[in-house]
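What follows is a group of structures, each given as structure tokens.
What follows is chain A paired twice: with chain B in the first complex and chain C in the second.
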Partner chain A sequence: MLEDKHNIKAWFYLAPAMVLLIIFTFYPIFNAFFLAFLRDFNYLQGTWEGFTFFENFGFVFRNPNFRDALTNTLIITFVSVPIAVIIALLVSVWLNSIVKFRGVFQTIFFLPYVTNAIAIGMAFAFLFNRNFGLVNTMLGWIGFSPINWVGLRATWGMAMIAFLVFTTWSSLAFRIMVFLSGLQNIDKQYYDAARVDSTRRYRIFRRITVPLLSPMIFYITITSFIGSFKTYTEVIGMFGERLGPPGNDRAMITMVALVYDALDRSGVTGALSEAAAAAIVLFGITLFFTLVNMQVSKKRVHY
Partner chain B sequence: MKKVFTLLMSFIFVLTLSACLGGGGRAETEVTVLDELPNEPINITIWTGFGQANADLMQAMFDSFTETYPQVNIVQLSQGGWSGVRDATIQAIVAGTTPTIVMGYPDHFVEYLNGNAIIPLDDFINHPDHGVDLDDFVQGFLDENRQDIFDGKLFAMPFAKSTEMVVYNRTVFEHHGITFDPTQPITWERIIEIAETTDILGTGAMQCEFLINVDSAANFFVNSSRQWGAPYTNANGEILIDNATTREMLSFFEDLMNRNILAFPIEWDQAFGSQPFQRGDVCMSQGSTAGTRHNIPRLENGKFGVFEMGVLPTVQKEGGTFSSMQQGPNIAIISDATDAERLASWLLIRYMTNTENTANFAMNTGYVPVRVSGFETDEYQAFLGLIDRYNEVGLTGLTFDQRDRLPFVQAASAAFVQVDWFSFDPAFIGRTSSSGARNESELLFEAIYAGTRTIDEAIRRMLSQLGQ
Partner chain C sequence: MAMSTQVVYGDEKQNRRKVILRQTILYTLLALFAIFVIIPFYWMIMTAIKEEADVFVSPPILWVNPLNWQFSNFALALERAPFARFMYNTVIVSMISTVGTIITTVFAAFAFARLNFVGRDILFMALIATMMIPGEMFVITNFLTVVELGWIREQTFTTALLAMTIPFMTSIFYIFFLRQTFKQIPNELYYAAKVDGTKDLQYLWKIMVPIAMPTIITITILNAMGTWNAYIWPRLVTQREEFRLVSNGLRNAFDDALGVTAYNEQMAAALLVTLPLLFVFLTLKKYIIRGVSRSGIKG
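Showing the complex of A and B:
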């Protein structure tokens, strides 16, 4: 009886969050699955010609940009996430170790998090400008000739390098913030004990900091992978709607761009179902890598 | 707990199904034309892609319309460009928050019609009291809105029609002893001859790095295909570009690009060539007559300072079919409106396209009148007459007011020369649409310009992007 009473109370307290989750999370997910199996769905009229299992997924897999989108997304994810996690970890350890100007540096490192991704993308496109960008100016100081990173006739390789630098930098802020809060929760006595034993700093980092921070590292790795699979705004910010350098359209297309490409044709019959199918394919890929991540991390995370 | 979860999931599933099944589709709309406008408050919202200058001109029209119909309240909202109007309208159709009137292109209307979201205007046009005489409208403008895909009905009226023109740096060309007749189109062969026989191309003091810029690679592809007689698309949605004539045309332009005779705005990381033209990076620029005000030379510190500008019709192919792009928005009424709102909307459209207003809007914007009678008004003829005065006394002989108006008169004259060659590409919708084909043709030309794809690769890519 008492338990029932508590259950009702619990549901009552959960209700506001549940209602919001149902409307803005569960409903869109179910709807995306539903739309992906409709044949010739007319978005403007809300009508369709029966159900189909594979047709919309067939359109996604046969899309001439699918392979490029998947390749780009995987490269962005598997290059930028590990690099960004390592850099964020090192920066946060350094920030945690300094006393002077810690607040100033924390603010500087946190600024990208509160800045619009499109604006940062445009700023980076300027930084990587062939003729007057800061990057080429600095490379010029050490004797390099100007490199065409993102301009007219830029190659996929150069554009990808510039983009990886941008995404790595822009994603540092949140990771540093999380790591820093984790570091501040590590009991100081571990470090005092290590110091008494004259342990080297690298060993302290490997044997104390990393293991005790492993739940945070795991959390950041998982969320970063998921976030990276959803890369889109940053591509628009840096390359515009062509999704690539001028003359090399769609060179930087990602899986989410594939979804938006179909959504952009939503006035055309069937396009919304194609977008839903592409979103589900992305969901499947993300889920697969998340499960792999969880499996791999099982033995390495110390709670 | 399990029961509650199952219940919750069932609820979501039912919700999903009902949301999807709920609409059942919007039926084709019956149009009832009221005999007179009810004397009750009527709100009309109109979505455009115009910028502030044109919005101000529209507002002046609305203000004078509401003096006659004080019960009508008109609100215009710019969606920041014509593709913005299309995107916003599609979302609004689904959400049931459409405006009353929407401006746009046949490409867009085909999509709206896929949701039965616009109404045919024929009953209004033929109404004894509220109708209009279609014979007074430029037939080509009506034909654009009366394509096969619209089943012979008129779903939109032409409002602001424009074409393309070439602005050129008269100061530099005359320095090299080159003059043009603004009543005749220049040909690509003449442009090549200029590049080969003069030293206008280069980085010197009175030289331009590029000879001509073309703003819209999509228009350029479509219009050049027509000039060359190369098939592009058809009303069935087939993409017909895989042919020898298209290849010949693309090879011709690839050669010009390689010789700095032809450039696209991506050369300067721009969307339009107006700034490079004003700066003196390029001596000529082909773009919309509606963009006249953006090309007017005003940079004191540009390479040639504030130079004298001339305007010519669109470049043509010698011995080819003369053709110029017909563009500019049309105006349609959304089906989710009451009979009173529809009639008020129609009366507003009729007012906006009457002889006086179409002439006045054209004189202030670079668009052309949509009615023949608009061309023939004394005001419009006097407006065009400024060209004769300019030819007679030169720029320095004009008053400041006349100098301000001159570029618009030049653009209007260039457009007038081309009226008989106006053409448009057929609107279609299937797994892809005519607007999708246009986008891809732009990317094709840009890739050839950048040298990132060969002509064959670019053609194959365009076909594959369009699912063919």
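Showing the complex of A and C:
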């Protein structure tokens, strides 16, 4: 048991962290809501014209890039998250069922976790180069003619496919790590029992592995959704700050980019309120899908 | 009797064939996936050591003879942008923010794990809840705050360092992570130390911190890696080119005025930024995996 109250002493220990958290985490959350409801806030002069409920959100929704940003963010999330979760699950089950070379494979599979998004994004851009990249060369071996993925005036569709390959590649490592540690914590008795009953492999996977791994699958799905809604640095890595192939600027814009676009205009009247409103919209979307995820998994997660 | 033995034998033979087939398929799939993972690294390395003329050849050259490896690309890449300076900045920022983070985290985790105070559980839940809020909510106000603190205008290296490190000198996730480790240390140790007249602060640094060292090492590595990869915040708060970090320098330095990219030099720089990370990963893999898988289990 812990002893009696240590109120003053406890706050002495908490103080350094709490001071920083209050200034750089809690206050900013409240201030974001405050800024989002100010009318014509000019931060250089510190002035505003009263409050407004919808005006700043109106700026966000009427931003010519808003539709593209929302579409891209949703596509990136709903395509790459399910694919990456399924691949990661399969690969970690495979990896868990071999003995020889397991360490080597494990090290290789974890490598993408420690890469710099800008450095590896640039490498992917060159992999997808039309004339000098490896992807078109390999596609050429099976009879495809060169595709303009990310080059001058590349279409949105091609750029998106290339980008999805990149984000899936870079997000797999973390998921495999988590699944693998989950698999290693499953009691071997379940598998021994299944073996005695000579249960089929697929059935073992469906009836033992997936249910026992479900807390991990749930955790990974939620964090992947949250992470995916925040996609931005990866876009800069692959396409640079123009956020799209040359000649098709901003084709790959995401929701987070709207926040930073507005923040870059911080001196302009209303820009900071627009940035705050965009961040709140992003938060709302994230919260909505997190709650949906939690509802869905309530029935399916076995603890 | 003889017949039944034969049947069992036949079954076993079939079984073994099945096992071998399954193993072959398994290793093939894993090898294919390994190739998929390695290709970007391979292409980065190959491009980084090619002569400029060999980069712009179609179909591309897949393998460069070791005798022709162009290590001069690395020197040229370093001349394109002040990378040595960027790396120096990154190391400094990383060290300051990591030391700060460890200190604040150790204290806070100790309070949550060891001390009993009014509102502890509510406060802890509130902290966990904020982990869900996207960072973009904080960035706007934090930018205004560092401006107010005078760390942006007429920026010196010192104020640039303050702007890049102070906002990140604590982390709810690390507090949570370290608290879990602290909680596993038996209470008896604490009472024994109390009887011996050890002060709390002494107990924390002399006993708890050494026991929790593996966790602290994990936090150090993850935090340093985070700084190495930071892009958005340093770009936002640094007012002069020479204060920026490696990721910032990397992106735009290699397009010439006509928009032609010197891919070999670009990839050489990318490789220089990637190598330290790979080195840290391969030497300290145990600690990184520990931190990551812990975060998953506790989710």
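Keep in mind that, in the parts below, the second predicted complex is superposed on the first by the 276 of 303 C-alpha atoms of A that agree within 3 Å, B and C clash if a C-alpha of one lies under 4 Å from a C-alpha of the other, contacts with A are read in each partner's own complex, and residues count from 1 in each chain.
One rule holds for everything that comes next: a residue touches a chain if its C-beta (ideal position, glycine included) is under 8 Å from a C-beta of that chain, and two chains touch if they have at least 3 such contacts.
Model, not experiment: these values are computed from the prediction.
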Touching A:86 in the superposition: chain B (first), chain C (second), both, neither? neither
Just chain B (first), just chain C (second), both, or neither: which does A:43 touch? both
Give one of first, second, both or neither to describe whether A:97 is in contact with chain B, with chain C, with both, or with none. second
So, A:27: does it touch chain B (first), chain C (second), both, or neither? both
Could you tell me if A:193 is touching chain B, chain C, both of them or neither one (first, second, both, neither)? neither
Counting only touches as set out at the top, which of chain B and chain C does A:153 meet: first, second, both, neither? first
Looking at A:296, would you say it contacts chain B, chain C, both, or neither? Reply first, second, both or neither. neither
In the overlay, answer first, second, both or neither for which of chain B and chain C A:269 touches. first
Once the structures are superposed on A, label A:246 by its partner contacts, choosing first (chain B), second (chain C), both or neither. both
With both structures superposed, pick whichever of chain B and chain C touches the larger number of chain A residues. C
Is there a shared patch on chain A that both chain B and chain C touch, and which residues make it up? 11, 18, 26-27, 31, 35, 43, 246, 266
In the complex, the residues of chain B that touch chain A are 4, 8, 11-13, 15-17, 19-20, 22-26, 86-87, 90, 93-94, 108, 111-112, 114-117, 266-267, 269, 429-433, 436, 443, 446-447, 449-452, 461, 464-465
What does chain A use to touch chain C in their complex? 1-7, 9-11, 13-18, 20-21, 23-29, 31-32, 35, 43, 91, 94-95, 97-98, 101, 105, 107-120, 122-124, 126-127, 129, 131-134, 137, 140, 169, 172-174, 177-182, 185, 215-216, 218-220, 222-223, 226, 229-230, 232-233, 236-237, 240-241, 246, 256, 259-260, 263, 266, 272, 275-276, 278-280, 282-283, 286-287, 290
Per the touch rule, the chain A residues reaching chain B in their complex are 11, 18, 22, 26-27, 30-31, 34-35, 38, 42-47, 64-65, 151-153, 242, 246-249, 264-270
Of all residues in chain C, those that touch chain A in their complex: 23, 26-27, 29-30, 33-34, 36-41, 43-44, 47, 55-60, 62, 103-105, 107-108, 110-111, 114-118, 120, 127, 130, 132-145, 166-170, 172, 175, 187, 200, 225, 228-229, 231-232, 236, 246-247, 250-252, 255, 259, 263, 266-267, 269-271, 273-274, 277-278, 280-282, 285, 288-289, 292-293, 295-297, 299
